[in-house]
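What follows is a structure written as structure tokens; I'll ask about it next.
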Amino acid sequence: MAISLGELATQFGCELIGDADVLVDNVASLNNANSSSLSFLASPAFKDQLASTAAAAVILCADDAENSPTASLINENPYACFARVSSAIVPARSFDPGIHPAAHVSSTATIATSAHVAANAVIDDGTTIGENTYIGPGCVIGPDCQIGDDCQLIANVTVVRQVTVGVRCIVHPGVVIGCDGFGNAMTAEGWVKVPQTGGVRVGDDVEIGAHSTIDCGALDDTVIEDGVKIDNLVHIAHNCRVGAHTAIAAQCGFGGSVVIGQRCMFAGHSGAVGHVTICDDVIVSAQGMITKDIKEPGVYASSFAAEPVHDWNRKVARFSRLESLVERVGKLEKHGK
Amino acid sequence: MAISLGELATQFGCELIGDADVLVDNVASLNNANSSSLSFLASPAFKDQLASTAAAAVILCADDAENSPTASLINENPYACFARVSSAIVPARSFDPGIHPAAHVSSTATIATSAHVAANAVIDDGTTIGENTYIGPGCVIGPDCQIGDDCQLIANVTVVRQVTVGVRCIVHPGVVIGCDGFGNAMTAEGWVKVPQTGGVRVGDDVEIGAHSTIDCGALDDTVIEDGVKIDNLVHIAHNCRVGAHTAIAAQCGFGGSVVIGQRCMFAGHSGAVGHVTICDDVIVSAQGMITKDIKEPGVYASSFAAEPVHDWNRKVARFSRLESLVERVGKLEKHGK
Amino acid sequence: MAISLGELATQFGCELIGDADVLVDNVASLNNANSSSLSFLASPAFKDQLASTAAAAVILCADDAENSPTASLINENPYACFARVSSAIVPARSFDPGIHPAAHVSSTATIATSAHVAANAVIDDGTTIGENTYIGPGCVIGPDCQIGDDCQLIANVTVVRQVTVGVRCIVHPGVVIGCDGFGNAMTAEGWVKVPQTGGVRVGDDVEIGAHSTIDCGALDDTVIEDGVKIDNLVHIAHNCRVGAHTAIAAQCGFGGSVVIGQRCMFAGHSGAVGHVTICDDVIVSAQGMITKDIKEPGVYASSFAAEPVHDWNRKVARFSRLESLVERVGKLEKHGK
């Protein structure tokens, strides 16, 4: 959709340096922009690319404007501003309301008239789909679920049962919500399955990445609060509670009953063992593993950075002989007295 | 389903302290129980909740009975007892036998008359589905597979080919069994795919969590023995053998040809590199990585607990300079002689 | 398919020691071979099994031939040779060209006449499927995608949009290609989704394992070059570029904009944080985490091997007190002066 820079400046609260009548119709990186592209500069790492960009305009902060070879849309938060502008220039794919003839919808399910249920989707008994919500091909929504308004379930998503999803949620392909938690009681004859009878409650404006799995609660519900962003291949076990606006990167995992505060951030491959509570505003670095309650906001870490294996192995060997080093120091101390 | 405490006590071998005629019709956590709920106490962490529970009855061990404000069902293993009672009170969702008109079943497949094949399920040539087995929506069962009696494949499960599954198995959404193992031979022109011609044999009473993947064998079969419990997003490579009653938590991964003994337990994000053998009764803690054969039962670990990044970075820096510390101690020792 | 040893020797460039007229019709491990099996010996670990094999013939290198109790097909690279021979003896399952009546193909999609689109597959607007390509049951191919010739998408694969896949690619069940990258801009009101408008370009001869996810680019494309082999449950974030012939084992993860060179190898559970560049011919060991640019080929590591928890915990405790050990050594040094 073509929009003028003047209109963008007004609509998104930017100061415009340049020709207000210039039209942009696509978004692009600084390097790959053309004369009708809008681009942005949000990180110092890309300053070099600014000088040579062919973009029609660049969203950036005031300090960078003097280095721009083209029109500038000045905003305090260029990345967030670009996100909003980009949604206006490249609108989401539209869909026609209605139920595809090859979808299978229970007679006791309720589908809003503006919703779309695609081919091969299955909607089970007692389930409700909200207005303007898109249920993509191959999605299976089990019984007694409520999917709110303006949601998108892209494709091949499985929502097992007793799951409520708020409004404006985006659920990427392959996500599973409401599968049984891993509950097994040990006996002399082996494991006995503990029935998982809780559900899952997902708030508003939540996004869940491809193939992430969110278990139903064992008895009480698993809860994902508003504005939580979850990347791909993340595991959230039964009875976890993830606080509002927390962001979880790919392949993180959380054991049962973990409580996570608001605005936390988990880098890739990190997570927490079961039954810990993590306060608000905690950041965990890649591969970091939380093993006990965290009561202070801040950054937490427990992983090493890869280095040449020869160097690494020497360090590991020294680490393995720390005990003997301590003994040697002890002897020296004793001797010195 | 409403059941009297008296009947539960008889059926599940509990001593009842309280009114045998009281009926329970739901299971709940101690905190969320109501006057017709059955609850349980299996961990000291929940003792505080016992005092204030509104449950009709609580399953617990003899020592805790005196602290119960309500009826007690006393059992040596309250968690396992609760698991069994819960199955009686909250029976699994029933299904009607038969093949949904929108399922696609090969003319050479054999579906037991009491089995259910749901909408959009696909059953390929020569495959057999056992009695009372539920094949959920979107499941794809490839050629030459046998799924035993009383199994549940919840939804969107893919069983590729040459897979046998025993009886009473539960396979959660998105599970893939029998996909090709990662076999590639290096040549000057790049990788050459090594055809994976083995199958997968899954025993009885196995449960496999959402999105876990179990590769077929390269030549011989991959084997999952009876009673194995696998959580979500677990990877089991070609030619692994997982011993009976072993439990594997979410996101664990096992390289090719790993042999795991019986009754092992793997915490989240742990695993083993290829070609190692792990004896019976081994426990691996979260993120632990087995790199060589384990011949003694016990607990194994190789990970650190997250801590504030400032503290962690200091330790990592010290770790990186261990070599120089060792040299300093060596000098002191030499000097002291 | 039965083939004579003589024909195999000619066709695959082996020296035959044995009867050229003997027929083999299956491939098997040394231990499980029968009198019409072809087997191979590529690792010293299996030499013991050679002596007792019942195989009709074994592919091995010249040095091992004298220990073979049966016919030998001698080749410099027995594993790669076996891979090629195996493909001839056990050909891939064939399929009939055509579109299954229960597939849903957009009127603006183009399906090659020799391609197969299976039951419940969905092909969206403007998408092209190449010659001899197999689109398995439950696959969803979104709009504006091109899948090249001779590809196999086994089942329940989701290709979201704007994805091109080269020729001879194999995509295993559950793979998701072209899902949104994890792009969120922080604001005072919470996260704002950054639209992901790039696509994914996958080269020729690429194999992608079950449930791996490859995000579309934020603006520019995510790129997987020719000959890349990806195992199960791997995460490749937006704007990564994976160099030709790189192999990535299960559960690896790569943050956004990671550039990986050619012929690299990543062992299980390893990966890289976002925005790093890794040169050609780098090997990363299991659980290794790359955190900065790698400019030298070689092996890189950052993980520990599991050991009995008592030993491990002592080391971790020593590690935690390293600072005080350094102080003690400092005192001794000062004292000695």
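Chains here go by letter, A, B and C, matching the order in which they are written, and residues are numbered from 1 within each.
We adopt the following convention: contacts are C-beta pairs under 8 Å (C-beta built on N, C-alpha and C of every residue); 3 or more make two chains touch, one makes a residue touch a chain.
Remember, it's a predicted structure, so these values are computed and weren't measured experimentally.
> If I superpose chain A onto chain C using their CA atoms, what angle of rotation comes out, to the nearest 5 degrees?
That pair's rotation angle lands at 120 degrees.
> Which is it for copies chain B and chain C: same residues on both faces, with over half shared, or different residues?
different
> How big is the gap, in whole Å, between where the Cα atoms of chain B centre and where those of chain C centre?
The answer is 25 Å.
> Among the residues of chain A, which are close enough to touch at least two other chains?
Touching at least two other chains: 102, 120, 138, 156, 174, 211, 233, 251, 269, 287, 303-304, 319, 322, 325, 329, 332, 336.
> Looking at the complex, which residues from chain C come into contact with chain A?
Touch residues, chain C against chain A: 102, 104, 120, 122, 138, 140, 142-143, 156, 158, 160-161, 174, 176, 179-180, 182-187, 190-195, 197, 211, 213, 215, 218-220, 233, 235, 237, 251, 253, 255, 269-271, 273, 275, 284-285, 287-292, 296, 298-304, 314-315, 318-319, 322, 325, 328-329, 332, 335-336.
> For chain B, which residues count as touching chain A in their complex?
Contact set of chain B toward chain A: 27-29, 31-32, 45, 77, 79-80, 82-84, 86-87, 90, 92-93, 100, 102, 118-120, 136-138, 154-156, 170, 172-174, 205, 207, 209-211, 226-227, 229, 231-233, 244-245, 247, 249-251, 267-269, 286-287, 303-309, 312-313, 316, 319-320, 322-323, 325-326, 329, 332-333, 336.
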